């Protein structure tokens, strides 16, 4: 057995037991130590497997009709079928693409307007006072409640759907950009002015950059909310999109497609969040590393 | 003019100009100073007034039919009418009460299960590994996508509605409770053990209390999300509730009631958040005051 | 409640008189709860969960879909026939004068409903190529709103939204003409099979109250109108005009060949085949006779 | 008569790159009642590791630690801890922090109250029993930490840079308090510091440590702690003897330090 | 020849309860090229307020400040700042932090690069130009702060407890660096500190302040800064003259201090 082989086995074991470093072994206090719960991804594999098996067993036992409880196999078949043949005129890939396009459009517009407004609110008493009640008021309104109004006001094009997603993004981005401005250490501002920076340079090179971690956190939250609002948006007279697919399938009592759609949305939402995290690490490596 | 009179005028002025303390006057750097945007609530009054006036003017100009743009007066009349006569068998107050009951039930259950699970995930590698993928997966699924499944599985009672709100709450509370555990300074844990505390006492008197601020923040977020999910929940075969009222009114193209409902939900959502903030200040006065 | 009945909001039917007068409770000797539902699909889903035992005025299409998908439901009667209250409206100024003009236009219709089916059959009859129009899935109130804005050129749906659509549009094809093609439109009374098997007497009792209500409405039209309009949540004028175009067949007529005796089964089979052809359903059943149970209505007179 | 005995303690961590880090190598010493031992050494020489082993938070790779012949296997109320900061419970008042130990042990409220008042008097926080902890300055918080640890009546008090976060003037006052507590309670004290002056002034014995691997370079027996309360601290620190020791220690430390 | 002149500066804040807080009362002094002025005084005596006024962040209630006859009305590149911590831009590398001022002024990249390397050499951070700021220790970060402020070639360097967050050994090294920079660049330095030793060691002039209202109690002219680089710092600090001044200053400070 070669040296590298040993190491491999060992690191696999480490993964399994949750990467117990030498340290964990010498600690006497583990209950309450946050470091003690690191790792343990292997249990996750177990848990997913268990859920899958239980699901399949219940389906096989036929306790409930497949209409209520489609088997994992049936759901997977639907996935393959819709991925290859499509659903109501669009392939699964196209449905996903259309939904992603809407989410990205609403999200992009929300960022485009939200960041300047948030920065303005963080920097200027007048803008803050003016915008504050409007945002505070519309923020807690459920997006779904707008749907009837959005149809009346925006019609049935992609405009209405994007508006809904825009509204969902906007307030979150505004609030995070504003918090980002508020979080700037006054010493940084003072230092920049003392180094000869103009107001515009302070805004561009200190305030905006300093607010980036907060803005990015807001963007991650907003992206999640957007994805959660997608189904509501696609209630608005859509003919495509994964959200619409789920709603439409439910009209035809295609529980397997509904379940497939739900799982798909979960997986895609999870992947989006992962990408955003990676992006964050790449774009904002200094996050959480400032000293006050 | 008496002394106290002078002071009153002065503090009113302060409010108007945004509570310029003596300090603000002597600062030369205001652009970029987060303290410089404090106050300015008076502009908020202005902004609300402006919005109201523009709304009324557009309505009066009859540019768009009232179906699209009911006047503020019409919306207010509806409010009074529904508050006194009720809507479809329930007064406005009852609709609100039913909605609040559902939100509180879902929210309460979410906290009841979410806090122990979150604490468990923060303390135990096994629980963490097991629950993590399940929560990460269901979290990004839009609640609306569940609605068809919830009807089939839970029926049309309040159970389905509460389940939806529970799901919305649960993941948020779990994640915040877990973060709360992770945020405990290891010195506190060590100190507690050194003072002779047992595991259970450490959990109860240190870990749980220490996680309270984070849990409470999670609760505030969850409450907001619950309120935002209410309309989706009340799509499930409801006959009452503000969310249902909005949906139902939209079926009859009663735009004024829809708008009234939207405004009402905004206001109530805002009030709930205010109460939660007050409660937080009262229950967790030490929030943000630890020294690492 | 001991018994929960699903119904459509804004849909003025005679049973609402019995509902208002408490006849159902009296006759069945138990609490009867009436629940509003948006769509027949939602009714079917709720019946699957077991919380709803009877659906009054479920659309034929959702019923067909549900049973084809394996839902244990049965058809026990016809609730209401309404060829004129469910139709397609062409917007004024849309430039559609003849069916051929529909090519490239936008049509709003609630998918998986009678309106949808009717539209498909009408297109078939008028030789409109389905792929040449853009069909959008929308609830009727949304269709009405979108037509006001000019977003859709033709909209299909039922009352009360249909009246709204007609305010700035006209019918594509009259109901009489559609009926002459054999295109019936009706809502049914569906029951949860398991429940009906356990309590056949309750179903029959329920049906007898429906007929009693229909009789009362015929005898006291003005009084009934105001009661029903209140129950349905629409104005008396609307109620009057909608109900004028409704038909409420009673027991003997229902049991005849025109309905449950023969035609309903043929009709449902036809619906299922069309939907299969359009890819709305994976596979139509060979025979729908098993889902039609006239015996409950037949027994209702014995009471 | 209490005694703390560290016997052949060795500690090897697994470093980030998998290489072993020899944080401590064969440490031996013992201390008795009346000893106040200070530990001085450059960053990374294993001071905190040693203290954590004595406290029972870490079990050493080799070697054993005894308190009065009981072997240490985990934390316990016989060894009180004072950290640099962050170990007070900010959700409790000053009094509740101090009585935390007795409360966990099930002591009744009245008894607790009496001892809390006494302890607060001792550390000079007479009127602050019901003040929230977060309203105190850093120096006052460290007084609370001392009182809290005394409330359990431990055999040894272990302190890891207890005064490291205080400003110079507060720090001088707190040094006097530490000496006072040591002399009045006659407990063993084990105190880690970065300040050469503090180590010499407070220690009846001073251990100077060096890194790679962590070991004790030299032990000093010093007279200043015993005299600290009777004479003026500033006079002691300016005395020829004090400065001589300081020079010697600084010389040792500078020769070890080769980092930024 | 640069000159900084503070003329009758008075500062009154509005306190939380609406009562005026007299932070500074009629402060007068001036400093010239070659002066390194240190300021010592108990917490709350107005040290930071004075520095903020000189920096131009606050305008005084009364009085004026001049640099070379130009009256100060706001911050500017003629007065460089070094804060205790938190003023570096953590999103920039060491080199980018140092060249921030020149970049804002529009200096081209090549020129910037050359001066950055020179400055980093000066503060002893030769190879760290492309290191992210957050990977440096506290002491190294303060070196960057010094270099950043020098890059603008200011007339005065203003420092508010620049070494307050460092551990004792690092602090000693940084004191030597401050003296070296002062002597090599011949800039005016105005430095606030809490450490009596540091104030005496670094100041060619030392202002001792007292609170309520903030005022200068006494000014010392000291020889240690000038000698600091040539002789061994520890020898200077142990010298009889140094200890004498220290005793005098400590006496003054202890008599003012009546808080915890």
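Here the chain labels run A, B, C, D and E in written order, and each chain numbers its own residues starting at 1.
In this text, contacts are C-beta pairs under 8 Å (C-beta built on N, C-alpha and C of every residue); 3 or more make two chains touch, one makes a residue touch a chain.
Keep in mind that what you see is a predicted model, and the values were worked out from it rather than measured.
Annotation of chain A and chain E: jointly contacted by B, D, touch as defined at the top. When you average the Cα atoms of each chain and compare centres, the chain farthest from chain E turns out to be C. Summarising the inter-chain contacts, the pair of chains with the most C-beta pairs in contact is A-B.
Inter-chain centre distance (chain B to chain C, centres taken as mean C-alpha positions): 40 Å.
Computed centre separation for the pair chain D/chain E is 33 angstrom, with centres defined by C-alpha atoms. Note on chain placement: the centre of chain A and the centre of chain D lie 47 Å apart, centres being C-alpha means.
Residue positions 57, 74-75 of chain D are each in touch with at least two other chains.
Counting partner chains per residue, chain A has residues 29, 67-68, 148, 152, 190, 192-193, 206, 250 touching two or more of them. Looking at chain C, residues 45, 48, 141, 145, 148 sit in touch with two or more other chains. Contact between chains, per the stated criterion, is found for A-B, A-C, A-D, A-E, B-C, B-D, B-E, D-E. Of all residues in chain A, only 65-68, 88, 148, 151-152, 155-157, 236-239, 244, 248, 250-254 touch chain C in the complex they form.
Against chain B, the residues of chain C that register as touching in their complex are 4, 6, 9-10, 35-38, 42, 45-46, 48-52, 139, 141, 144-145, 148, 160-161, 164, 233-234. Within the complex formed with chain A, the residues of chain E that make contact are 55-57, 74-77, 79-81, 83, 85-91, 100-101, 104-105, 132-134, 138, 141, 148-149, 152. By the touch criterion stated above, chain B contacts chain A in their complex at residues 18, 29, 31-44, 46-48, 51, 67-68, 121-126, 128-134, 136-149, 152-153, 181-184, 186, 189-190, 192-193, 199, 202-203, 206-207, 224, 227-232, 235, 243, 246-247, 249-250, 255, 258-259, 261-262, 265-270, 272-273. On chain A, the positions that touch chain D within their shared complex are 21-23, 26-29.
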